[in-house]
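As written, the chain order gives the labels A, B, C and D, with residue 1 at the start of each chain.
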Amino acid sequence: MELEVRDVHLHFGGIRALNGVSFSVRGPELIGLIGPNGAGKTTLTNVISGVYKPSQGAVYLNGERISGLPPYQIARRGVGRTFQVTRAFRRMTVLENMLVPAMALHPAGRRQEFVDRAHEILRFLTMDHLALEYARSLSGGQQKLLELGRLLMLDPDLIILDEPFAGVHPKLRETIWEFITTVHQQGKAFIIISHDMETIFTLSQRLLVLNFGQLIADGPPEQVKDDPAVIEAYLGKEE
Amino acid sequence: MVEINLSFLLRLLADGLLIGFIYALMAMGLTLIFSVLRVVSFAHGEHYMIGGFAAYYLLETFTGLHPLVAILLAGSVTFAIGAVFERIFLRPLAEEKVERPGEYAILVTFGLGFFLQYLTLALIGPHPKKAARYFDLPAFELGPIKATAATLKLGTIPLSATRLTAAVIAVVLMLIMLYLIHHTWLGRGLRAVSQDKQAAAVVGINPLRMSTLAFGMGTMLAGMSGAALVPAFAWVPAVGAPAAVKSYVIIVLGGMGSIPGAMLGGLIIGVVEALGTGLLPDPNRAFAYRDAYGMLIFALVLLLRPRGLFGRQE
Amino acid sequence: MKRVDWRWVLTGGALVLALSAPLLLSGYPYWLHVAIVAYFYAILASSWSLLAGYAGQFSFAHMAFMAIGAYGSGLMGKYWGTTPLTGIVLSTLLAGLVGLVIGVLCLRLKGAYLALFTIAFSEVLRLTLNAELDITGGPNGLDLAPLLNTTSRVPYYYLMLALLLASLGFMYWLAGSRFGLFFRSIREDEEAAAAMGVHIVRYKVAAFVITAMIAGLAGGVEAHYIGLITPNILILGQMSIVIAMAVIGGIESLIGAAIGAILIQFSLELLRELGNWRLVAFGLLLMLTLRFARNGLIYPLIERLVLYQARRAVIEGREQKAKQVGEGA
Amino acid sequence: MHRKQLLALVAMAVFLMLLAACAQQAGTPQVVRETVVVTQEIEKVVTQVVEVTKEVERVVEVTPVAGRCAPTDPDEVDKILIGATGPLSAPGSVVGGLVMQWSLNIAVKHINEAGGVLGKPVDLIFYDTEGLPERGTAVAERLITQDCVVGIVGEYHSAVGLTMMEVAHKYRVPVVFAETWNDKITGSQYDEIFRIAPTSSMVAEADANYIQDLGAEFVVIVAENSDYGVPASEATKERLAQRGIDSEIFLAEIGTQDWSPIIARIQALDRTPDVVLTLVTGEASYNFEQQAAEAGLMPTEETVCIANQVAINSEEFWQNVPDGNYCVFRKVGLVPALANDVTRKFEAEYRQQFNRFPESYALEAYDSLLIMADAINRAGSLDPDAIIDALEETDMIGAQGRYYFPYGRKNPVPPDEPEWMWHQWPDPAVLFLQYFEKGQSADEAAVVWPEKYQTHGTFLIPYGTTP
């Protein structure tokens, strides 16, 4: 898996949300994406997953240009994502939620195989007993897990998680942490957006820092931690 | 053959503008509701219809009642209907207790319209009613300007007194509304809720009360448009539907939730309809498709610029 | 002990009742007619509930697709001399084609915008049918040749019942397939569905095309049965009746909407003496249903009667699984 | 598994049903005929064994469709059931239907006060047809096969009448239409169909004659785009052309509110019309007339206003068209000078109950039931053939004058008469009246046409003058 973001700009009217962002992901890296509020993190996610088309620049996946493709095509090519606010299909059962990506990905596949696989993943997420419940009756944390489960059914090479730890019970945080590390060990790349500095610095192998739509740092956590540009972005310039 | 000359064009324009002011007033109510509740009321035409009947029956029952008072009272009647309906049926929406708020709002207001129309029909029957002219024009002649009780004639352009009155009432009401919205505590509350419900609640505005008020005021404006027009058109329970459809066209054109948009949109639709009907070569087709001109604009706006002329980016 | 499976008993009972209705109603051709019209509305209400309840597309153009089916077939018969059967087949395809166009145009429209756009489409179609009277007969309506060479109602009854069952069967199959799954995921969250790899454009448009074809087919058959179609069928009031049927029956249940339509059609006929008051009551019922019974009035009954055992099985299965999990830990 | 079985079951049922539908189709006519004979036989065996052979013969000869359930023997019933229809909800003309329903109820009261029909009270079943042709089919079917009525009266809309008459013909049930003008209704020459309203052609002829007598050269016809307005405007235009009078038609949708663009177009024509003829009904006609008056199109010194016949309801007219003074309007049915005792009795009752002027269709609806009752009385039976025979021999005084049907089964329509003269009352009078003082009632309005009934000795009271 190789993702390359090449000089991406995005303007909304007069606002420059992204301003020449370039980086690449090679192989199963575990990347943290941080930056102050309004830095463009979610926007960047939306560009990679195809929700927005960059005004300039492009995104390549395994050498193929994917920017400009509709989101579902990008998803099928192996980029999975979650949303900042949980977006489970609320009035569908947990199992049905899980079947959506699988059936979208394999039009000719057999339903029973997907059901078996879904149960397997649900067991892994310790929520197999909820398979026939409606998603809306799950707790917020369970819905978050469900979203991760859906991602596994899609079986992407690159997983982008938008704030996976925000507002989550400590016990659930552990489960999510475990999920990320386990799945990462199975050979998937991650880009994780988080405000939780401590977690993200411990978890990720590489950090990307965005500020005002520009990438101001890219490197291992310990190096980024001491980067003056990053400190300035977070603490503000001292006059 | 119709000769297209300047005076014919001016006449179409005048007709269109006159009716456009009334369209605008009605659409203003709809857009006010939308801006605060994020709901398009599909019962708007029925409030308009009820406003007209209320004014008619008030004037019938209390002889000597001033027409302007009747309009205000008719507005209060529809305000009450709107507020009660909002309280019972839309409150769960404001409290975010409804699963799919958009669809629920469409269907429940649609049901209200259906209910009100047939209720009126069952109660007062189908016979057309019409209030007497609110104000007779003083008869005078001044060069090319000539007035009789029913008509003001500017050269070759006749303006009906009832419509002129309705247009003036519409303009005055719109100005009052603009003042209310921009210069009073109430207006600030409404605007705050329309922009950010949570933020408004934090600064001590009760968004639920504002929703009720906004819906009531929206239906009140519809009712007052009806009351202003009941001397101009024969009034029957089905009178609301075409008027409502025009309001929908106008708010989409002007941008949902935008008050200046509704005002300008009303005038544009009035003029487009008048010009379309006046200028298309085959008179019968021109007239038969009259409601379609607005619809065409509407479809184009929805497809090309969904937020309308003044709408906010959603 | 083997329990009686109420699902089979009820389905079987309803089928036997429906099949034997012409015998039971043999002295009452009028009620047979009401039944035919009720089935027609049942097809419309259930296909609308597929579009609105399943796929989340609150379109007000359903009667317009129906009218395209009816007028299409009538006009082809009038100008090209097609037989009613050919006409119905072709106009069903035509309705699907128009559904495709409307579906594509409506891709970006949601909620009230979609409702307003489809109202506008339906109104423009009505105005056109009214205005082009040299072609369509205008408000006088368009005469259509009878579909079946018979003076009896019975064949039409079976035809419409067959159509209802076939379309319900087809829609249930569809709802149980990937189509249903994707329709619902789009209804719930379009963006999330796209992120899960669902081709939302294709399935949204498919929802329009499929339901438009079902409505068009029903319209064609109904129009050839009545022998006349007028643009008045397109007034908003008619569409609101279909919507009310679906809502009262249960907007997210195909069978609920169909049964709702049949019951409402019969009760509107039974209460005809009440004149407009019955519509007043009907409007009130619609509002109260929406407010206090979001799943409609019929569907919860079906659920209680028919799905009781299914749910029972689910609960038992769940308890067992919970036990296993407990033992595992 | 269950799902698949269910689907298979449904598929099988569908297949069987389609098969049944096709099989039924092939064998239908014979089946129906047999059914009729059998049911009739059973009925008759129970009551009157002797009648059987005769009854069966008749059935085979005429072969009406099974389902008609009205008894033919008046001794079997304790009341005489008669069906009636009219529009009571939109898109129908609700006013028309309501007025007809009121009038029919008065007719029932009067008939029963006078001893009923064949010594039994009359009972009326009135259904709403909504102005929808398909409703006409359904409602006629319900009256005939469900409620077992012996005859049907009333109806307002021609489009509905056209579908109802097919059902009545199918089941052989006599109908007296009160207010449907379409030529084709009696033009069908069905045994069962009678009409006391004028035909469109008769009305168009009268309009053209009056306009000719006014000396007009150019006429604007404003018509509603409906089963009434379109054929009426075309028929009038054709007849005006025969008389060398130019005319132009403007069509508008039923219920139009704002007429200003069409009025602007009429006023922008290169000729000023001598007459504007309004072939628009209901509130839309009032809207047009008032707006035309405000815009100075009509009535003026140059242009005669011919308002729609609904203007006869003077109270409603003056409320809705306050500036419509000097408008002429057509009145169909009764010449005021010829009002008789029946008219006066009905009118008194109607005014007392509803505080309204009885429109022509009120009188027509009232009379349609009187005629039906009279025919059943004379037939002495509820047998449709006997009733039809009796209807053909009608000669009675109703609220609108003397009724008779010159042409029918015994006396076919001669080739030089139009075919719609079949079972058609030939004498519905078409008058033109004119308001000449604001607030005038229809009784006070001047009769201006035809010449022999003129009250003020003129075809038109000139605009702005007092006679």
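Here is the rule we go by: contacts are C-beta pairs under 8 Å (C-beta built on N, C-alpha and C of every residue); 3 or more make two chains touch, one makes a residue touch a chain.
Keep in mind that this is a model prediction, so the values were computed, not measured.
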Chain closest to the assembly centre - both centres taken as Cα means: C
Contact-richer chain pair (by C-beta pairs counted) among A-C and C-D: C-D
Most distant chain from subunit B, judged by the mean position of its C-alpha atoms: A
Rounded Å distance between subunit A and subunit C, as computed from the means of their C-alpha atoms: 40
Whole-Å separation of chain centres (CA-atom averages), subunit C against subunit D: 36
Centre distance in Å when subunit B and subunit C are each reduced to the mean of their C-alpha atoms: 34
Intercentroid distance (Cα basis), subunit B paired with subunit A, Å: 48
In subunit C, residues with contacts to at least two other chains: 127, 130-131, 237, 275-276, 279
Junction residues of subunit B, two or more chains touched: 99, 121, 284, 288
Subunit A, residues touching no fewer than two other chains: 90-91
Residue numbers on subunit D that touch subunit C, as the complex places them: 2-3, 6-7, 9-11, 13-14, 17-18, 20-22, 24-25, 28-29, 31-32, 65-67, 69, 88-91, 127-128, 131-134, 137-138, 141-142, 145-146, 159, 163, 170, 225-227, 230, 253-254
In the complex with subunit C, residue positions of subunit B that touch it: 39-40, 42, 88-89, 92, 98-100, 102-108, 110-112, 114-116, 118-119, 121-122, 241, 245, 248-249, 252, 256, 284-285, 288-289, 291-292, 295-296, 298-299, 302-303, 306
Residues on subunit D engaged by subunit B in the complex (per definition of touch): 89-90, 94-95, 98, 225, 249-253, 255, 257-258, 260-262, 264-265, 268-270, 282-284, 286-287, 290-291, 293-296, 316, 319-320, 322-323
Touch list for subunit B against partner subunit D, complex: 1-4, 8, 11-12, 15, 19, 121, 125-130, 132-133, 150-151, 153, 158, 160-162, 233-236, 238-239, 242, 273-274, 277-278, 283-284, 286-288, 290
Subunit D partner contacts - residues on subunit C that touch it in the complex: 7, 11, 15, 19, 27-31, 33-34, 37, 127, 130-131, 133, 138-141, 148-152, 154-156, 158-159, 161-162, 165-166, 168-169, 172-173, 176, 226-228, 230, 232, 235, 237, 272, 275-276, 279
